[in-house]
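Here chain A shows up in two complexes: once beside chain B, once beside chain C.
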Partner chain A sequence: MTRPPTTLDVLVRRDADDLHLSLSGRLDAHQVPGFLAAAEPLAARTTLDLGGVTFMDSSGLAALVRLVRTARAAGQDLGIVNVQDGVRLAMEITGLYAVLPIR
Partner chain B sequence: MDVTAPDPFTELLDQVVDLSDQLVFLQRLIPQALALTDEAQATGLVQQAAALINTPGAALNVRGEWLGDTPGWLRGVQPPGHAAVLPAGAVHTGAPFIGAWRLTAVLAVPLEQGWLALWGKLDFLAGERELINTLAQLLDAALRAMHGRREAERYAIQERDRRQARAVWRAVTPEALRTPPGYHLHLHSQPASDFGGDFQFQEAEWIVAGDVSGKGLPAAIITAMFASAFTVAARSASLNSTLGEALHDHLERSGAFCTLAAMQVRPDGQLRVLNIGHPPVLLRRADGRLEEVRASAPPLGTFPLLHVDVERMWLHPGDALLVYSDGLFEAEDTAGVPFGLERTRQLASQVAPTAFIRQAVAGLRGFEVGDDLTLLVLQRDPAARGVQRRLPGDLQALVALSEALREAVPPDHPALMPAELAITELFVNAVRHGGAREVTLRAHTSGTDILVTLTDDGAPFDPRSAVTREGGELREHGYGLLIAQRCAREWHYARKAQFNRQTLRLRAPDLSVLT
Partner chain C sequence: MSYPAFEQWRDVPLPRVTLSIVVPAYNESERILPTLAAFAVAVSGTGEPWELIVSDDGSRDGTADLVGALPWANLRVLRHANTGKGGAVRRGVRAARGDLILFADADNSTPIEELPRLIAAVRAGAHVAIGSRAAEGAEEVGKSAVRRVVSGGLRRLTRLLTGVTAEDTQCGFKLFRGEVARDLFRRGVLDGFSFDLELLYLAARDGLRVVEVPVRWVDAPDSKVDPVKDSVKFLKDVLMLRRLHGSGHPRGDGLHLAVVTAYPPGRRSLNEYGLHLSRVLADKPEVGHMTILADRLPGGQEAGDAPNVRRVWDFNDPLSALRVLLALRRARPDAVIFNLQMASFGDRRVPAALGLLTPMLARAFGTPSVTLLHNLFETVDLDRAGFGGNPLKVAVTRSFGRLFTRALLASNLVATTLPRYVKLLREEYGAQNVFLAPHGTFQLPLPPQPFPEVPTVMTFGKFGTYKRVEVLIEAHRALLTRDPRARLVIAGSDTPNAPGYLAGVQAQFADVPNITFTGYVAEEDVPRVFSDCTVVAFPYNATTGSSGVLHQAGEFGRGAVMPNIGDLADLIQDEGYRAEFFEPEDAQSLADALWRVLSDPRQAAALGDANWRVASSLPLSDVADWYLLHLEDLTGTAPGPSPRAQEAQA
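== the complex of A and B ==
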């Protein structure tokens, strides 16, 4: 049995107009400040790859919403990819799955 | 020869005849006296004796009561201290009794519990007085025997009533209860007499323990009545009102009242507990922490039963429910100091549930238990899979919370992810908004459900009341409790002393019904 991850790793690839954030681990209330510090400022095109995220709570969701709204306000593009089942569940429960820019 | 003067021989002969009559009388008297069944027969014997000594008046007084016809003047005469003849003229006998008024002596002879009086002659001869003294002694013995026989009969009737009452009692309040599967059940039932006011019985999934005021047959009857009313009430949708209607009027009319603690025990650890006027029921968690279910209504029979809280809780593996009667904490030591509720709580918290009864009984040594003593322990099998984890009120502990949940829940359980989501939200909420310094998670699974109890020491707050927002909007707050609500099949809140307690049944949400 594999132990569920206990932390969040954020891999950041940033060049001129592109920001690629690759997340793995838990995105919970405790990890959100670190995640936002790594993600901001956003680029003209930002991709959030959630492929390695096994767990996300409402604080994590709120952080995604914050980034989406910031990007929209600034006229930037932001997309979320590779949503796993556990995260999708949290999004569906809250009705966010339908309104987040999931690609 | 002077015919008016009786010759000595005739006189002697008369005396012998009289003596013979008296002997015959005494001979008949003895068996009659021994067979005496009521006071009227005793009066008859006294009157026969009076006839034998040729005096028309006789009366018998037993325990201050005159038996049969008694002239008014006799009622004013004081009972004698010893056998005596009150000479003619010494007693005013009032109106004439037969034809003309004439003086009469009164022969008064005391009994153990009364006296007898004979009158109607100028004097009583020595032989006559002897006879009446002998009669008095016989009457004493006869009345005593009669009284003894009556006592024995009354005792036999009481004995029979008592045996019947005990049979009724044991039929409704058995000495042993069935152990529900998945639990351990221990009962100590120690009535103060053959049958007490305490009772306990089972009806389907319900275990009921209570205390009826009063003792003996009336209490046994009320308990039997109660057990049958409860049987009906337990099957009805509105347990409270059915119970109240079925019992209140009976109890009020009979001037009795009744307290009870009832618990519905489900195989998965779910308990519904209600307390009507009974001492606080203690929920002892596996770690020794206590939560109380206090009475939410006064005893039945005192006021109409308007409302009773039915408290929902989970017994996680090792948790136990302790029910006890006032016989425990009202027991007093030689100085009159009661065992007390505080000592009861300490004992409950400090000793393992399996040892509670033994330790309580041992702790009562040196105390006088004046009342029935009933101790009941229901423990959820401590060997079953579950978890109990006390965590610091710090978001760093979210990982430990997740790991603790996984100790109770297999990784492929369908409710694992929803449960983790829900308890994470509630944990964060308790820490951030309630200022909780400590949060305790208790959990076990039941089929596709996960039963969770979350306890925190934060400010009193019922989070269910805060779920107002809808999902599907792009906002940055207010998703947490919505998640908890949508993952919770059941969600109960109670403030228990300085703790918020949330009792949740978590299940994978049906996403097709969500917008």
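== the complex of A and C ==
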């Protein structure tokens, strides 16, 4: 186990129709406001790359749900990729894994 | 990959675990699942067989049901009415099966990935490793200024009032050796928020090694900590702790005994005796708790110590007496036993002598003291035992020796291993407080192993002063002319007084065949060393007390070949051991004596059987009962009136 960061880095790449967010670190209640500020507004196609996320607490999961619902309401596409094992299990046992657009 | 490891852990119940993680939970339904998920994947990925225990503390939001619904084979949910966090952790620890027990908060505020660093600290010798948000290198995220100020003040006050030196007592990420956690939680009584301080308080008083490991840490924004209100409560708890535990161990638990001794894996004289005496005493129903005040060891070697072993004094340190007294003051035992010979505290006169004042001082400061004296100055050949020098110095040492024997007799009680010593102390010093406590056999012996096919002579001990092997090797050379198969095993190391002695001997006699030098023999190898020989040789030119080696020879059913001198002769006479004798320092006489045993299997068996029977008749655990009888009298715990106890208190 390598020591995980206690903060979150968000790398943003935004084109006309594409938004790519690369997250690394810990997505918890402290980090949710910054994360949402970077993600919104969503683009026609949004990709959330969670490859570097070591831990996501309930607030983090709730933030994902909020983005997914926003995208659906606006008819936009949103996909989540590179979910790490610990986060995947958190999604599974909270019942979110099946309903989140994980690719 | 950790996910397959998690699946394995999820599906297959583990019969044995090395690690238990206890998560106390009170109304955590909103945030506990991601934490458990993070634990499950990360810890399963380490390969450590582990179990997860969620100890629900009467949650009203369905936490227990939520967690209980997880189909994880190695997860247990404990349900209980609300008691406070301490009670929840205590119930979890009681249920835990691991050699290591971590308790961790339900919000993953210390990331579980920090766990391996705590495990490393415990496996390196700590009894407790606590995650610390204050230790150098720790990183705090999101901690408010109010909490920083309040917790800073609390730390200083806590240290002042409790002796707990940890900077961060409240971090919810603490790893214990399993037996330590079970012991501390059994004695702890606080159920609320300050329970971890109580644990650290008890640990500090026991002298346990508590290390702080800097951890990353996130202060959850909705953390259930109210700095001001909690501080008041915390202070009240600190004061209560001092009242609760301030007067030592609660009575009714049995005697709390301390033993001051050299102790393995240290190799100082009487280390093995100290170990075995402590063990048999700890097994007695009258004894509730043992504290061993042992000699300090060079780095790392103390790691394997049991939690009740405190390494407090140093060989040749003039301050050893002071250090032992301070440790006694902290541990507050009902009585202390000193396992001593004249050179226990050093081979230089000043530290050796100052150390011998400790039993008297312990008594003066209120701890009843019993000194078990394995030898007397009067019977030690100072030259040969390594205290030699010019005649004036020897004379001075002798008169100081008498002085310090008197100091030792100022213990409440003095035990010696030989009747002759008791007689000498009574007649020469007029001592009234001396009793006989025979050496005893460490373990009730198993039936002896058959003799080896090849005739084998073994000698055992710490060599270089009065135990020397040159004459024995000359005798071995002579034996080889009678039986070229004959083997000689020299088992043991140099005494601390004669470093390099055996290496020199080995070089000097490199031409003599069939000699094995084993080096220091670890405790677990002792049975094999004795069982692999036909007879045990005692190539001594002087003796300094009852012979542990002769008792061991008996334990393993082996005969002895020895000079008919001093204390060895006493053992033969008083306890019924049997041996062949030789003229001291005479190789031919020694070879003849050895040959009488080696050449005649019936003689070897007769001596071995006789010694085995003596050893079986007096195990150390019986000798320990003699001590207890005296100790109960001394500490006033004996049933019925006890005049001696009143005298001791007066």
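Everything that follows uses one rule, which is that the second predicted complex is superposed on the first by the 101 of 103 C-alpha atoms of A that agree within 3 Å, B and C clash if a C-alpha of one lies under 4 Å from a C-alpha of the other, contacts with A are read in each partner's own complex, and residues count from 1 in each chain.
To be clear about the criterion, contacts are C-beta pairs under 8 Å (C-beta built on N, C-alpha and C of every residue); 3 or more make two chains touch, one makes a residue touch a chain.
Keep in mind it's a predicted model, so treat the numbers as computed, not measured.
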{"item": "Contacts of A:V12 with chain B and chain C, given as first, second, both or neither", "value": "neither"}
{"item": "Touching partner for A:S58 - first (chain B), second (chain C), both, neither", "value": "both"}
{"item": "Which superposed partner A:L36 touches (first chain B, second chain C, both, neither)", "value": "neither"}
{"item": "Touching partner for A:V99 - first (chain B), second (chain C), both, neither", "value": "first"}
{"item": "Chain B versus chain C as contact partner of A:V68, first or second or both or neither", "value": "first"}
{"item": "Common interface residues of chain A - those touching chain B in one complex and chain C in the other", "value": "1, 4, 6-7, 26, 28-30, 55, 57-58, 61, 85-86, 89-90, 92-94"}
{"item": "For the chain A and chain B complex, residues of the former touching the latter", "value": "1, 4, 6-7, 26, 28-30, 55, 57-59, 61-62, 65-66, 68-69, 85-86, 89-90, 92-96, 98-100"}
{"item": "Contact set on chain B toward chain A in their complex", "value": "395-396, 398-399, 402-403, 406, 411, 417-418, 420-421, 424-425, 428, 432, 470-477, 479-480, 482-483, 486-487, 509, 511, 514-515"}
{"item": "Chain A partner contacts - residues on chain C that touch it in the complex", "value": "1-3, 6, 30-31, 33-38, 40-42, 45-46, 70, 107-108, 111-117, 139, 141-142, 216-218, 220-222"}
{"item": "Chain C contact footprint on chain A (complex, rising order)", "value": "1-7, 26, 28-30, 54-58, 60-61, 85-90, 92-94"}
